[in-house]
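Each of the next two complexes has chain A plus one more chain, namely chain B in the first and chain C in the second.
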Partner chain A sequence: MSIEAREARQPWILLSPSLVVITLLLIVPVLFILVYSFWLRTSVGDVQPGFYTDNWQDVLTDRFFRDILLTTLRIAAITTLVCALMGYPAAYFIARAKGNKALLLLLLMLPFWISYIIRTMSWIYILGTNGALNTALQWLGITSEPIQMLYNETTVILGLVHFLLPFMVLNVYVSLDGVDETLEDAAGSLGATKWQSFLQVTLPLSLPGLAAGGLLCFVLGAGTYITPAVLGGPRDAMFANLVFEAIITQLNWPLGAALSLLLLAVLGILVMLYNHFLGMAQLMKGLG
Partner chain B sequence: MDNTTRYQRLLERYQNGDLERRSFLGLIGAAGLAYGVQTPFARFASAQEVTQVRFDGWGGIVSEAFREHAFDPYTAATGINVVDGTFGGGDEYLARVRTSQPGEYNIAHLSGVFDYARYHNLGLSVELNEANIPNLGLCIPALSNAFRAISSGTLSCVPYDYGTTGIAYNRAYISDEEAQAQGAGLLINPDYSGKIGGWADWRTRIWYGALQTGQDPNNITDIEAVWDAVRQHRDLALRYWTSGAELMSLLAEEEIHVTEAWSGRIFALQEQGHDIGYIDPPNGFGWQECLFVLAGSPMEACEELLNFMLEPATSIAVAEGQNYPPALDPTQVDLGDKIPTLPAFDPTGTLSGLTFANPEYWNGNEQEWSETFSRVQRGY
Partner chain C sequence: MGWHLIRFWTVLVYLFMFLPIAVVVLLSFNANQFGSFPMTGFSLRWFGELFDNDAILRALRTSLTLGALTALISTTLGVLASLALVRYDIPFRNTISTILIAPILVPEVVLAVALLLFLQFLGIHKSFTLLLFGHVIFTLPFVILVVQARLVGIRRDVEEAAMSLGASPIQTFFTITLPLLMPAVAAGALFAFTISFDDITGTLFWKPGGVETVPTQIFAMLRNSISPEINALGTLMILITAGLPLIGLAISRKLAMRRDRAE
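Presenting the complex of A and B:
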């Protein structure tokens, strides 16, 4: 075997364990789900194998599924925007901090040590009728009656922001940390104010990090199931909740398969668009 | 099941014409081949020997009572270990069972007769040898009969406890008189808008929708009126709860003032000192739980374990722990002091005062109603 041929094979040999794992744990299960989506649920809750397009027709034409999908995308977009507005200043502060960056980053990572479900449920004890916030408001004399704050779309978004904010901060931080601070000094020496140098130098250079954080927040937010289930009211549901109901409550695995593939496709297209315009390199930096 | 019985059943199926001659001979041949091949190593084989039985239930105090009063004595008597698992709900458990191998799951503490029917219709039931479960004779016959009606007179489970899903209300805001007068209508009273709760279960929502529109829940004639009642409740409700723990928390923290509720959970709240009232409106939702044996399980070992679990001492300990009356017939067994005070307890042992869901009716409408409820819940 020639050296060229051996060198050409070497990456594939090194990649093969990962490829096997990805094939067995991702591609094959997705193919199973794809096959399931063309089957039908029988009257007793079993499945009828075959090639039926009924589920896909329902999923693609039914206004109910479209509306919930749009609601999901809207909630994910609002969450992403709030994360960006809150996360950027925090990341900027950490990136420009002198001496205690490690401690600040550790504090940022602290929430990950606690289960996501526990973190989500903690809001019940903060925002509840007898929760910490209502108790404080009444104790301070600001309100005389408890305010109903829980179980609506706002609390769902709040729970999502709580969950996703560290992802945004980390991505923006990685981007800001790579910006040479002397560029801001150079802008200042050319007459720019601090605000102008931030707007025209720092912000544009950190946009890839902001975009990477935005993509992560959006994709994770749109796929969430726990937050609306714990903090939502009767009407509040996101697309993943419909998948759960189809598979677990209605025993309609074929419909659940079609719904989950639709969500996967929508989010996949988003990731592809991101990759086309910005590339995945920045995202990898943030995740790393 | 021993091998002799297995071969006899195979022969019976062949003689009844349920099995082709070719398949019958093939299976007998395969069994013979397997026997011949394994003989030199038979003394090492343990696949036929039952070493453990898996039980899945709701966890918590119920599992602790089972462990102390049934599982440990059973293991001491038989040498068979009981692996104790938990699940969050019947639907989730069914999904797990459907993706498992036969025999992986053995006994489950299931809710409702319609769950029994679902498992039976999916081919997950067995035929218990009742002679191996003498304590079954101590149970209320009406509970077993509901299961027999589904599986052609045989049983794949033993009844274990029963309760109701009635209406719970905070007495600081709603009087007993008002609750009695309004019954199911209390849940759609606009005066309590934003302080109403409900179980996120399509059956319960429809059941109470039927009561609110003056219909028989087992024979709904105007389903559109029921959906309108469900919508009305949805718009007034703050939260659809999804577990007993959440139900108790919502009432105890006064997030909601009125909701449907599980009788045992409300009794627990009352024991803790919360001033919560509980009524079963006319045609309130009665239900029962059972210990279901799944297809592929070691039958004799499971039957023996069921008998241990039905021992009065075990049943009473579990009932006192979870606050639901046991399936034991109070005319045959002394149930002690606490159980007669539990909500839904029937001292006559006939259960004639409770309305249970007709499984044929409800399972027949399951697909359409569960899907419609999902839409109605989200504003449609």
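Presenting the complex of A and C:
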């Protein structure tokens, strides 16, 4: 074999273990559940291979499933918006900070290393009936009884924002950091006010980062299982809870497969739209 | 004026991120036996009780083993793939990159269901093996992203020099490339371990009955009630998953400083 041919083969040898693992443990399984979603669970609990559209009819026409899907998308959208509003100014501050930028960035990374379940649970100590807020309110004499603040949609959103905010700040920071600061000065010297130059120069240039952060917040938020289970009430189930219920509790695997695929399709469309307009490179920048 | 407002806002955002976690750590040292406010005194009692609790110790052992094996496999696969992406001009680069990060883009619940049903169909039931497969697949893309970012900074000319002096490619890899790669390998392994150690969603689908990892153990304990033991376990987890990277960072700083001085 020529040296060129060997050179050309080398990267594929290096890549093949990862590609094989992802193919066998992700791509083939997803295709498999597509087939599986057309199988049927019989009344005795067996799964009957074949081509039955029953699960899909259930999933696509049942009002219960549709309502939970819409609730899930609404919660994810509100969460993303709140993350953007809270995260953008913070990312701007970090990008333009003179002094302890390294410390601010390190602190920003820290939540990624702190357990998701602990971060979610921590809100029980803040908002619970024996939590910090109720204790403080009673100590100040504002209330005499603890108020029930937990286990509703607002606390689910709060928990999600707490979980996802670092993704937003990090992505916006990465794109703001790439914006040349002198551009704002240039706009200023041409007579734009600070606010004008921000709106017309900096903000548009940072939109790719905002979009990448937004996509991550939305997709991760819409796929979450733990937050509604810990911080939501019995009526605050999100789509992932539905999937868990079908697979683990009811053991109706074909139905669970169809539900998972619906979630994948809805979120997959978003990812594809993002990829079409902005490309994956921005997302990888923010994640790396 | 505007800048002060932004600074104030940023302080609030950081408080929002860290105050609740600080409360968990604070409460783990609380003598109060209900695991919540008010603070009645300082106590290390709950940490002691952790080590008398068999279920928690078993969960800790499972999590540590799973995290270590996941890190080993994901890092090996991830470093090889990253080398290919950084060092070679490959066709279909974008498609390949997208496939490699696909496990991040697929919601974890969907990934969990697909893997569970497929492997069950092949006769691999809920087991430690299934957990390990699952953890490898969703840590791999993160390892690739982190290692790739570190690899870009490593110069190739040292390797070329070694080869031109007569070293074989294998010799070059083990005596030159691998030592230069070590920081990237360590960063990838640490990241994989941390993500695996923290994972709960996929783990709940894949774990066999009776087997718990630390996060699923906490989740199960939360269903009963808040207890001071959960706080102590939470603090311990924060020490493991946030402490390890911080120590790693400190060590790499030290090494870099020593290298600078040597040069």
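Note that in this section the second predicted complex is superposed on the first by the 271 of 288 C-alpha atoms of A that agree within 3 Å, B and C clash if a C-alpha of one lies under 4 Å from a C-alpha of the other, contacts with A are read in each partner's own complex, and residues count from 1 in each chain.
Everything that follows uses one rule, which is that a contact is a pair of C-beta atoms (placed from the backbone, for glycine too) under 8 Å apart; a residue touches a chain by one contact, two chains touch by 3 or more.
What you see is a predicted model; the values in this text were computed from it and never measured.
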- Message: Under the superposition described at the top, does placing chain B and chain C together on chain A give a clash or a fit?
- Response: clash
- Classify the contacts of A:151 with the two partner chains as first (chain B alone), second (chain C alone), both, or neither. first
- Message: Quick check on the superposed pair: does A:9 touch chain B, chain C, both, or neither? Answer first, second, both or neither.
- Response: neither
- Message: According to the stated criteria, A:235 is in contact with first (chain B), second (chain C), both, or neither; which is it?
- Response: first
- Message: Looking only at chain A, is it chain B or chain C that touches more of its residues?
- Response: C
- chain B versus chain C as contact partner of A:45, first or second or both or neither: first
- Does the superposition put A:128 against chain B (first), chain C (second), both, or neither? both
- Query: A:68 contacts which: chain B (first), chain C (second), both, neither?
  - Reply: first
- Query: Now for A:245: first (chain B), second (chain C), both, or neither, which partner does it touch?
  - Reply: first
- Pick from 92-100, 218-226 or 236-244: which stretch of chain C gets in the way of chain B? 218-226
- Residues of chain A at both interfaces, chain B in one complex, chain C in the other: 124, 128, 130, 229, 247-248
- Item | Of chain A, residues touching chain B in the complex | 41, 43-46, 64, 67-68, 124, 128-130, 148, 150-151, 229, 233-235, 237, 242, 245, 247-252
- In their shared complex, chain A is touched by residues of chain B numbered 89, 91-92, 94-95, 118, 121-122, 194, 198, 200, 202, 234, 237-240, 242, 249, 253-255, 363, 366-367, 370-371, 374-375, 377-380
- Task: Using the touch rule from the top, collect the residues of chain C that touch chain A in their complex.
- Result: 2, 6-7, 9-10, 13-14, 16-21, 23-24, 27, 34, 36-38, 76-78, 80-81, 83-85, 87-88, 90, 94, 96-111, 113-119, 121, 133-134, 136-137, 140, 142, 144-146, 148-149, 194, 197-198, 200-201, 204-205, 214-215, 218-219, 222, 226, 230, 234, 237-238, 241-242, 245, 249
- Message: For a test of understanding, state which residues of chain A touch chain C in their complex under the given definition.
- Response: 10-12, 14-15, 17-19, 21-22, 25-30, 32-33, 36, 86-87, 89-90, 92-94, 104, 106-107, 110-119, 121-126, 128, 130-132, 135, 162, 165-166, 169, 194-195, 219-220, 222-226, 229-230, 240, 243-244, 247-248, 253, 256-257, 260-261, 263-264, 267, 271, 275, 279-280, 283-284, 287-288
